[in-house]
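Below are the C-alpha cells for one structure; questions will follow.
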Amino acid sequence: MLTFDRVFKRYPDAGDALSDVSFHLDKGEMRYLTGHSGAGKSTLLKLIAMIERSSRGQLLVDGQNLGQMRDRQIPFLRRKLGLIFQDYKLLFDRTVFDNVALPLLVTGMGQYEIARRVRAALDKVGLLGKENKYPLALSGGEQQRIGIARAVVNKPAIILADEPTGNLDPELSAEIMHLFEQFKQVGVTVLIATHDIELISRFDHKILQLEHGRLINQHA
Amino acid sequence: MLTFDRVFKRYPDAGDALSDVSFHLDKGEMRYLTGHSGAGKSTLLKLIAMIERSSRGQLLVDGQNLGQMRDRQIPFLRRKLGLIFQDYKLLFDRTVFDNVALPLLVTGMGQYEIARRVRAALDKVGLLGKENKYPLALSGGEQQRIGIARAVVNKPAIILADEPTGNLDPELSAEIMHLFEQFKQVGVTVLIATHDIELISRFDHKILQLEHGRLINQHA
Amino acid sequence: MKSVKQNKDLGANTHKSVRRGNEGRISKLLQRHKVSLMASLWRLLATPYTTAMAVMVMAIAITLAGSFYVLVSNSEQLVNSLQTGKQISLFLEGGISDQQASKLAQELRANELIEQVTLITKQQALAEFKQYSGFGVALNALEGNPLPAVLQVYPKETLTEAYQLKQLMAQMQNEKAVDIAQMDMAWVTRLQSIIQIVSRVVLLLSSLLALAVVFITGNTIRSELQERHDEVVVTKLVGGTNTFICLPFLYAGFWYGFISGVLAWLIISLMLLMIDGPLGQLSLLYQSQFQLHFLTIGESALLIFSASALGIIGAFAVVSQQLRLVKPE
Amino acid sequence: MKSVKQNKDLGANTHKSVRRGNEGRISKLLQRHKVSLMASLWRLLATPYTTAMAVMVMAIAITLAGSFYVLVSNSEQLVNSLQTGKQISLFLEGGISDQQASKLAQELRANELIEQVTLITKQQALAEFKQYSGFGVALNALEGNPLPAVLQVYPKETLTEAYQLKQLMAQMQNEKAVDIAQMDMAWVTRLQSIIQIVSRVVLLLSSLLALAVVFITGNTIRSELQERHDEVVVTKLVGGTNTFICLPFLYAGFWYGFISGVLAWLIISLMLLMIDGPLGQLSLLYQSQFQLHFLTIGESALLIFSASALGIIGAFAVVSQQLRLVKPE
C-alpha cells in the first residue's frame, strides 16, 4: 500500500529533512511514527500526500509511483488519503459542517449523501451538537477533532495523522485511537506521527522512529 | 498576584464555559490547569489577559480589578503577561526573530536591546540558529517554541501557557518545564493549562482541575 | 408550507434516483453550476464596499467606451444634419421693435429665394438666454433687455451655389434694420474634420478601456484569491481539482463584468435621456433634423455581453497564472 | 567600509546613552516615525498591482479635479482674450489668385478703420488644414486645392461700437473678390455663458472627486486591514496600543494620497504641455493674447498636499472605525 525506497528530502537552505528512508506498509497495517521535534515526521507524511516532493528515491502509494505522477492526477491521489494536520488547517469562515463536508463536496457528491456522511463523522469524534458553529468558537481539542472528522469522512484507503491527539485529554485520545483501530479493521492503512508516549504504551503498534531524518529503529 | 472571585463566563449560544470559579495565586506560585477538552481552560486564561471579559464575578491581576479597566489600559496589562497560545498565533509573513521581537517592539525599545533579548529568548528554547527563517519553514514543535520564546522575551510578571508542550517530544517538554521553573524561582507566577499527564507526574506542582467550567479539585 | 417544501424536495430526489443516466448527470452538473453562480454573487455582495469600488471603476471605464461610441455615432449624424441646414441669422439693430422685425420677416418671406423666416423676438431671445446661460433669475435684475431680435432665414433648398447664398446675405445685410448677418458654414467643415480625428482617437481609447476592464477585474480577483488563499490550499489538500477551485473566481469575474456592464448601460441611457431634452430644443432652434441616437437592443446586449466577457477574461488570466504559484502542487 | 559603519553605530549609541533626556526621547520618536513611514512605503511597493490600481484610480480622480481647475482658470482667461480680438475673416472667391488677394489686402490696409490684415494663401490654408485636420498625407491625393484664400482683418481698437464694425463688414462683403465675410462675436458670448455654467458644475464635481479620493483610500486601507487582520490581533495580544497599530495604516493612506497627487500633477502638467504647442499656434492664428496658465508652485504644492491629506483622512476614517470591530478588546 505504501512503499518508501531510499527516499531523500532536502529543503532549500535547510539541509536534509529526510535521508535514505525505506520502509513498507501493507494494506490494513497501523504504525506510529516517532522522533524528536524537527526529526522529519511531518515531512515524511507530506511526501505521501505530495504536499512536498521527494528529492531522491522512489515512493509508491497504492501501486502508483509518485515520481511519475502528473499534476492533474494529484487531486485524485489525495481523495484516497485522510490527512490530519498538525496545525488542523481548518477554514475559519465556514461552519464545522462545511469544513467536514469539503472532501465530499470536491467529488461532486449529492447534498443528502454529504449530510449523512458528515453527521456520521462528527458523531465519531463527539462533535455532533456543534455542526453549525464556527471553529473559532470551539476549544482547541474540539478544533482538532474537526480535523479528524474531515480526514475520515471520505472513507480513505490510507489515514495519515500528524500529532492527532496533541490537544486532547487522555480519555478522548483513547477514543480517537479506537476510531483509528476500527478503520484498520476494515483494511485502512494508518500512519500516526506522535510524541505521546503514554498513548504508544497503551495502544501497542509497530513504530517507525526518525532521528535527524533517518529511520533508526523498526521494532514492534 | 492573581485572584478569581466567583467568576462566570457565558458565551452567547454556548452556555456557561466557566461557572463560579474562585482561586488565588501568589507571586512566584506555579500551577497546572487541567480538565477534559472543552472544560474551560483556555477560557480561564483568556479572561486573565482580557481577551474575553467575564460575565460575572471579580478578577484581580497584580492588584488591578479587570472589571473596572478601561480599554486604553489593556495593552499595559498585557505587557505584564507572557501568553502562550494553544494555536501559537504566529505571524507567517515575519521571520522568527521578528515574531519574537514583537512584544518588545510595541514598547518602543531600542533595536540593540531588542536583538540582545530576542537572541537570549531563542537560545532558551533551542532555536538560536533559526532566527531568520519564516515559521512555515519550521516543524510544528519548532513553531510552538517560537510562541514560548515570544511569551518570555519581555520578562513578564505572569506566564499563562495554554498547552505549551502539545507538539513537543518528552525531552523538549522537560526543558521547557525547567525554563518555567527558572522563571518561578525569580518570582514569576506561572499557570499552565495542559493534558500531559506524564508531564504533571514528572514535575510536581499544585493542580487546578476544571470540569464543565467548574473547579472540582484543588490539591497538591 | 413546510410540508409542501418537503414534498418538493422528496420529489426532486425521486426524480433523480429514477433517471440516473447521462441526462441526470448533466442536469446535476447544471444545477451545481447554477448554485456556484449564485454563491459567487452572494460572496460579492458580502463585501459591498470592495465590490462597489471595483464595479464603479469598471463601470466608469465601460461607460466611457460606450459614451465614445454613442458620441461618434451621434456626431456623424449631427454633422450630416447640419450640412443640410444652411441658415443665415440676422441680428437686428437694438432700436428695432418687434413689430418692425415682424414686418421685415414678412417682407423677407416674399423673397423667392427664401424658404422660411423665423422671428426670435427680444423677449424670446432673453428667455432663451436665461434658459441656456443658466443665470435664470439673476437676469431679472437687468434693466431693460440688451439682446437684439433675431431673424432666422432658411434659404430654399435649391439655393446650393455659394455665390447665390452670398448674394442673398449681402442683400439682407444692406437692410437698414439688420445689424449683423451671419452664415455659419466654415465651422461646420471644421467640426467635421475635428470629429474625424476624435473618432479615431476614440477607437484607440476604447480598446485601452477594454484592457482596463480586464486589468481591473484581474486585480480584484487577484486580491480575492489572496484573501482566500487558505481556502484554496485546504481545498487542494482534500483533493479539489483546479477546475473546482477556479470556477468560483471565473463566476466572480463574470459578475463583476456583468454588473458593471448593466450599470454602464444605465448611466449611458440616463445621460442620453438627460441630453435629449435640451438637445431637442436646440435642434428645433437650429431647425435641424437631428435626432439623438439611443442604444438599440442589439447594441445594449453587445455592451453587456462584452463587459461580462472582459470580466471573465480578466479573472481567467489571473487565476490560471496565480494558481500555479500556490503551494502545494 | 565596515569599520566606518560600526564606528557610526557605536557613535550613535554613545550619543544616545549620554543624553537620555527629553531631547533624546523625541529624536528617538522621530527616528521611529521615519522608519515606520519608509516601512509603509515598502509595504505598498511589495503589492505593486493592488497599489497601482488604487493609485491609478485616485490619480484619475485628482487629475480630473485638477484639470477642471485648470480648465476653468484658463477658459476665463481665454474668453477675456477673445473679447479683445474682434476679427473679421474674409473668405475669398475660389477664382481669386494669391496676387489678387495680396493686392486686396494692400488696399484694405489703407483703410483707416483697419489695424492689420493678414493673408492666408490657398497653400497656407491647405497646409493649415492638413495640420489641424489630422488627415496629413491623405490630402496629397486631392486634385487641386479646394480651399479659398482668407484675409483676416483686425479692426482698430478704437472701433468699439457694433454699428461701426457692421458697416466695415458690409463694405468688405461688397468687394467682388469676397465670398463670405464673417465676424464671430455671438459665439463668444455664448461661450462665456457656457463657461459660467461649466465652472459651477465643475466645482461641485471637484468636491465629489475629493470625496471619491477619501472613499478609495478608505476602501484600500480597509482591505489591507482585513489582509493584516492576524497581525493586528497578535499585536494587540502582546500589548500593542491602538496608536501603534493605527500608525502604519495612516502612513499608508498618506502614501496613497501623496503618490496619487504627484502622479496627477505629472499628468496635468503633461497634458498642459501637450496642449500648449497647438494652442499657441491657434492663438497666433486668431491673433489672441491668450497664454496657457500652468500650475504655479503654490498650486502644485496645494494639489499634492490636499491629496495627501485626503489619503490620511480616508485611512483614519476607516481604521478608527474598523479597529473597534476587531476582537479582542
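Lettered A, B, C and D in written order, each chain numbered from 1.
Following the convention adopted for this analysis, a contact is a pair of C-beta atoms (placed from the backbone, for glycine too) under 8 Å apart; a residue touches a chain by one contact, two chains touch by 3 or more.
Treat the numbers as computed from the prediction; the structure is a model and nothing was measured.
Asker: How many links in the shortest chain of touching chains run from chain B to chain C?
Answerer: Minimum step count, chain B to chain C: 2.
Asker: On a CA-centroid basis, which chain has its centre farthest from chain B's?
Answerer: C
Asker: Measuring from the mean C-alpha position of chain A to the mean C-alpha position of chain C, what distance in angstrom results?
Answerer: For chain A versus chain C, the centre distance works out to 59 Å.
Asker: Report, in whole Å, the distance between the mean C-alpha point of chain A and the mean C-alpha point of chain D.
Answerer: Here the centre of chain D sits 62 Å away from the centre of chain A.
Asker: Roughly how far is chain C from chain D, going centre to centre by Cα mean, in whole Å?
Answerer: Distance between chain centres: 25 Å.
Asker: Would you give the residues of chain D that are in contact with at least 2 other chains, written as numbers and ranges?
Answerer: In chain D, no residue touches at least two other chains, as defined above.
Asker: Taking chains as nodes and touches as edges, what kind of graph is this: line, ring, star, complete or other?
Answerer: Topology of touching chains reads as a ring, each chain with two neighbours.
Asker: Please list each pair of chains that are touching.
Answerer: Taking the chains two at a time, the touching pairs are A-B, A-C, B-D, C-D.
Asker: Quick one: in the complex, what on chain C touches chain A?
Answerer: 13, 16, 28, 32, 230-231, 233-242, 244, 328-329
Asker: Could you please specify the touching residues of chain D with respect to chain C in the complex?
Answerer: Residue list for chain D touching chain C: 49-50, 53, 57, 89, 91, 93, 129, 132-135, 162-163, 166, 169-170, 173-174, 179-180, 182-183, 185-186, 190, 193-194, 196-197, 200, 215-216, 219, 222-223, 226-227.
Asker: Can you list the residues on chain A that touch chain C in the complex?
Answerer: For this pair, the touching residues of chain A are 46, 49-52, 71-72, 74-79, 83, 85, 89-91, 93, 102-103, 106-108, 110, 112, 150, 154.
Asker: Mind pulling up the chain A residues that touch chain B in the complex?
Answerer: Interface residues on the chain A side: 11, 14, 35-38, 41-42, 86-88, 133, 137-143, 145, 162-163, 166-172, 195, 197-198.
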